[in-house]
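As structure tokens, here come the structures.
Below, chain A partners chain B and then partners chain C, in two separate complexes.
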Partner chain A sequence: MTTFVSLLVNGISQGAVYALIALGFVIIFKASEVLNFAHGSMLLLGAYVIARLVPSVGFAAAVAIGVASTALLAVLLERLLFSRVGRNKGLGGHGQVAALTIMTLGLDIVIVTDMARRIGSGVLSLDQPWGSGAFSFGDVAITYNRLIAIATAAVLILAFLAAFRFSGWGVALRASAEDAETAALMGIRRWQVSALAWLLAGALAAVAAVFLTGSPTPGLEPSIRTVAFAAFPAAILGGLDSTTGALVGGLIVGVVEAMAAGYSSHLDFLGGGFGAAVPYIVMLVILLARPAGLFGTRELARV
Partner chain B sequence: MVAGSQPKLLDVGALEVVYAGVVQALRGVTMSVGAGQVVAVLGSNGAGKSTLLRAVSGTLGMHGGKVTAGALRFDGAELAGRGAADIVRLGLVHVPEGRRIFGRLTVEENLRAGGMSVRGRAARSRARDRVYELFPRLAERRDARAVLLSGGEQQMLAIGRGLMSAPRMLLLDEPSLGLAPQVIGKIAAAIKEINAQGVSVVLVEQNAAMALAISEAAYVLELGRTSLSGPSAELAASDEVARRYLAVAGEPAPGADGLPADDHAPGEPADEAPREPASPARTLSRWQPPPARRGLPRPRAGVGAAAGSGGAHAGEPQ
Partner chain C sequence: MSDPRSAGGLRAALAGRLPLVALPVLLLLLAALPFYLDEFWLRVGFAIFAAVIGAIGLTILVGITGQLSLGHAFFLAVGAISYCWLASEPSKLGSRHLDGLGLPPLVAMVLAVLISGIAGLVFSPVAGRLRGIYLGIASLGLVFVGQHVLNSATPLTGGYNGRRTPDFELFGLKFNDGGTAVLGIPFNRFERLWYLGLVLVALAAWFAYGLLRSRPGRALRAVRDGEIAAAVTGVDVTGYRARAFLVSSMYAGLAGVLYALSIGSVAPESFTVEVSIQYLAIILLGGLGSVGGAMAGAAFVIALPMLLEQYSENLPFLSEPGSGGVTYSEAAKYAYGAAVVLFVLFQPRGLAGIAYSLVARRRGAALRRQRDGRPPGGDSGADGASVTTTVSASTPASAASPG
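Right after this comes the complex of A and B.
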């Protein structure tokens, strides 16, 4: 039982971080119909900037600069690459979404390759001030990093969902996601809505990076991007166009992954390292039952 | 009454539009709308009515269309090359065909979306109050998801959403489409009320009877060209328009007084309009069920009431 509770809490923590990443993935898709598979590499870049700056400017300033530069990079990518291709009407709906998505994959490889070269074989530390200590509640232990991750993610996600629901930007985003032409006829400037979506998504990814590289993870390695990849099945199983789905999907993936890793001794017959495959298996099973994801309203066929 | 006697707000000169580089949809449309006017644009399917509105509102590009020749001016400003969202900021709003409300948003959120170009919270809430005053039914349903509204309510919402940016001119594309006669009467009354508050209106309609009844001037498009134009009353009385666009013998021809739906008394001729029978197949006044979009509920007659509580005593257009 103790193991179970411990795994549950740790899973929720990891899931909350996935939710941060998945939220960004979902709003980018809603705002500009791009499946941004470069999201993991944006996160990697944010972590790298923070790790490099920490020794000279301190943790808080490094995080602020890292978050800002990742957000800026996301907006630049949107303005310089994706919106230009998006404006090209020659491809038509499906072809265009496919082209944009492949572009993000290419971009992801470029950024990851460069990051791997810069980081090298070592492990960079982001030097989180909460260190690697753990909080024990009876026999259930959870690192401070993961506790703070839960709290931070909860605050950010709530703030984000509130903005999505109540702010002018949220209304404009939902309106243009539903009917871009009519939204333009109402005076909504889609590029502004979209730029803000990329900005927020980039910032959320960098925040997630801070916790993904914290204890119990040793620090920043290029493989962090693979971990971040688990947020994609989270977004998709939740429903690609649903912010609630991203949240729930993130938690499901986090918990299931933690369980699979924790009880891996019982799953030995499936081979070692099975935990990493679990998010994708969960996604497959959920999509079989609900092709639009748990909270999705749009058919995934459109993608 | 004569179109040329007022200062021009919208000027369309010899406009030509091509879709996908090959399909010529407009072959020279000329139209002008004065400040404070209601102008009707009539024509059959494919005549180019919606294309004309798209060209004016800057959304041709989203349909693969392009203006290849001609002039487009709103209040002196050149419209060609401006994006749709910028044209809204000039005070020109296009309410597209088929209502196109944001079904997943609430009524109130739809209105917020319509006012997105307006700076200042006070101005936005003034505009919203005005819309709720014009359509009290929308105020009652402000927290409902728009997809749950009846067809008539959705049309009110589409018009109200267009009014949120306090435009000087409203382009309405087939507001009567798929609505019951009674509801069309409410919409017509609302359009007159909107006009009485100082908004110029371009009304594209297949329902020629309604359009001619509430407009001052009208243009008839045929195969992408302006084939007829003039004061609405004259057009309504002309043989050709009556035969081709008003049709149906026994229906009172729309005069200067009374909306078609208000005193709908078949068999009681109201005036001396020509009464040549025409085959229903050639009738342009379509009264068909709503298009099956996203499983919208059919409009129930009677709901969507209240549109014209203010409109009923709106002055007739001079």
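Right after this comes the complex of A and C.
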């Protein structure tokens, strides 16, 4: 039982971080209909900036600069690259979506290659001030890093959902996701909405990076991007256009992954290293039952 | 030149039938190359042939049907590993036992393609129901889950260590290094593989062109351009999506077999998401939905790292792996990543788009000359020189026409 509770708590904390990443993924998709495969590399960049700055300016300032620079990069990418593709003629709707998505993959290749080259084979530390200590509650142990991750993610996600529901930007974003043309006619500036969405998504990715590289993970390695990849199934199984879905999806993936890793001795018949594949299996099963994810909008068409 | 009309007509006719003339010439050229190239270039060529086949399969799925797939690497892996399993004898690698059926390599190749197709069919409940982007991420799952499954099936795949690719053999002709010589040129493994690759690429492209110009091809495009409209006209949308996925996975399987032959050994570890991304880059650079473009894209993306590796000592901006500078593989990744971004921005229809507009312009110019009944002034068409000599005869419209 204690193992179960401990795995559950750890799974929720990891899931909370996935939810942060998935949320960024979802708002970018809602705002500009781009499936941003470069999200993992933006996260890597944020972590790298923080790790390089920590020795000279201290943790708090480094995180602030790291978050700001990742957010800035995201906005620049949106302004300079993604918003321009829409003006191109010569591709149909589907070709357009495929081309945009492949462009994010191209960006991902460039940024990840560069990051991997700079980080090298070593492990960079982000030097989180809460260190690698663990908090014990009876037999249930969880590292401070993960505890703080849960708290931070909860605050950020609640703030975000509130903003999404009540702020002018949130209403504008939802309106233009619903019907871009009508929203534009109502005076909503689409470029502002989508630039802000990219800004927030970049910032969330950098915050997630702080916790992904903290204990029990040894530090920043290029492979962190693969960990961040687990946020894709999280976003999809929740429904790509649903913020609630990102939250639920993140938690499901985090918990299932932790359980699979924790009970791996009982799951030996499935082969070693089953934990890495499990988010995708859950995603495939859910997609079979609900092709638009748990909370995604089902597009109905009568023929 | 005596009759300007017939000369202009010949040009227009040539521009119209360019593929018919160019194709045999190109094939002859490719068939003659092994007599002039050394082994390195043949190796590059064979790797390109393998990628071309895989890319044609992916462009049928992504470009023609409008379904995004990141799962191509998985089907390559299934093809490559099935071939190794079917064609090799049971063996031992260290303490590990490796299964093998010892079938003739040609049979093994055909069966490996079929097995990849079956793997695609198994996924078809997902592939048929999901659209575009959703399928993209679902197929990403295929890569991760597939890698786990393949790594666990050690007797088949060799696990993390992988296994050796058995040599290809055709009706008793072994594709290993033998001492045969043709016309004084040693005719070894890569010379023979070159012809195998060339034949398979030709077949793959022929099948793809046939498919795209037939009823199923039009149905697939209809599904891409308007799902509801397609369904209304009687196209089984789910069925065609699933079948496009099936065809694409069989192409990937064949590409996997050739990949295994070109590398000499395979491990599940080699078939990561990066491989899928590489294939997407290939078809995007070539032009989504274009078979010829897939070939050009493959040549660029596959040859670039190999060439940079070969000539890294002569290139001042490259440094040795481990020295902290930019290595050849990193330089190649920067280059094709950036190329993808630039193409989407400025030439979203890829190399095929550039080729189309060039051909269209030439054809237009030739037709215009024919209509005006003017001799094509020299080789360069209606440029400044011919305008000055025939200035009295040329109308303003034809003088302004692009050359």
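Going forward, the second predicted complex is superposed on the first by the 296 of 303 C-alpha atoms of A that agree within 3 Å, B and C clash if a C-alpha of one lies under 4 Å from a C-alpha of the other, contacts with A are read in each partner's own complex, and residues count from 1 in each chain.
Operating definition for what follows: contacts are C-beta pairs under 8 Å (C-beta built on N, C-alpha and C of every residue); 3 or more make two chains touch, one makes a residue touch a chain.
Small disclaimer: the values here were computed from a predicted structure and weren't measured.
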Open item on the list: Quick check on the superposition: with chain A as the shared anchor, is it clash or fit for chain B versus chain C?
Closed with: fit
- [ ] From the overlay on chain A, compute the angle at chain A's CA centre subtended by chain B and chain C, rounding to the nearest 10 degrees.
- [x] 90
Open item on the list: On the A-aligned overlay, A:Asp139 touches which partner chain: chain B = first, chain C = second, or both, or neither?
Closed with: neither
TODO: Answer with first, second, both or neither: which of chain B and chain C does A:Arg189 touch in the superposed model?
DONE: first
TODO: Give one of first, second, both or neither to describe whether A:Val171 is in contact with chain B, with chain C, with both, or with none.
DONE: first
Task: Per-residue contact with chain A, leading partner among chain C and chain B - done: C
Open item on the list: Between chain B and chain C, once the two complexes are placed on the common chain, what is the minimum CA to CA distance in Å?
Closed with: 14
Open item on the list: Under the definition above, what is the set of chain B residues touching chain A in their complex?
Closed with: 57-59, 61-62, 64, 83-85, 88-89, 93-96, 100, 102-105, 109-110, 112-114, 116-117, 161-162, 164-165
Task: Interface residues, chain C side, partner chain A - complex - done: 62-63, 66, 68, 125-126, 129-134, 136-138, 140-142, 144-145, 147-149, 151-152, 224-225, 227-228, 231-232, 273-274, 277, 280-281, 284, 288-289, 324, 326, 330, 333-334, 336-341, 344-345, 348-349, 353
Open item on the list: Per the contact definition, I'd like the list of chain A residues that touch chain C in the complex.
Closed with: 35, 81, 84-85, 88, 90-92, 94-103, 105-110, 113-114, 117, 120, 229, 232-233, 235-236, 240, 270-274, 276-277, 280-281, 283-284, 287-288, 291-293, 301, 303
TODO: Flag every residue of chain A that touches chain B in the complex, lowest number first.
DONE: 89, 168, 171-172, 174-175, 178-190, 297
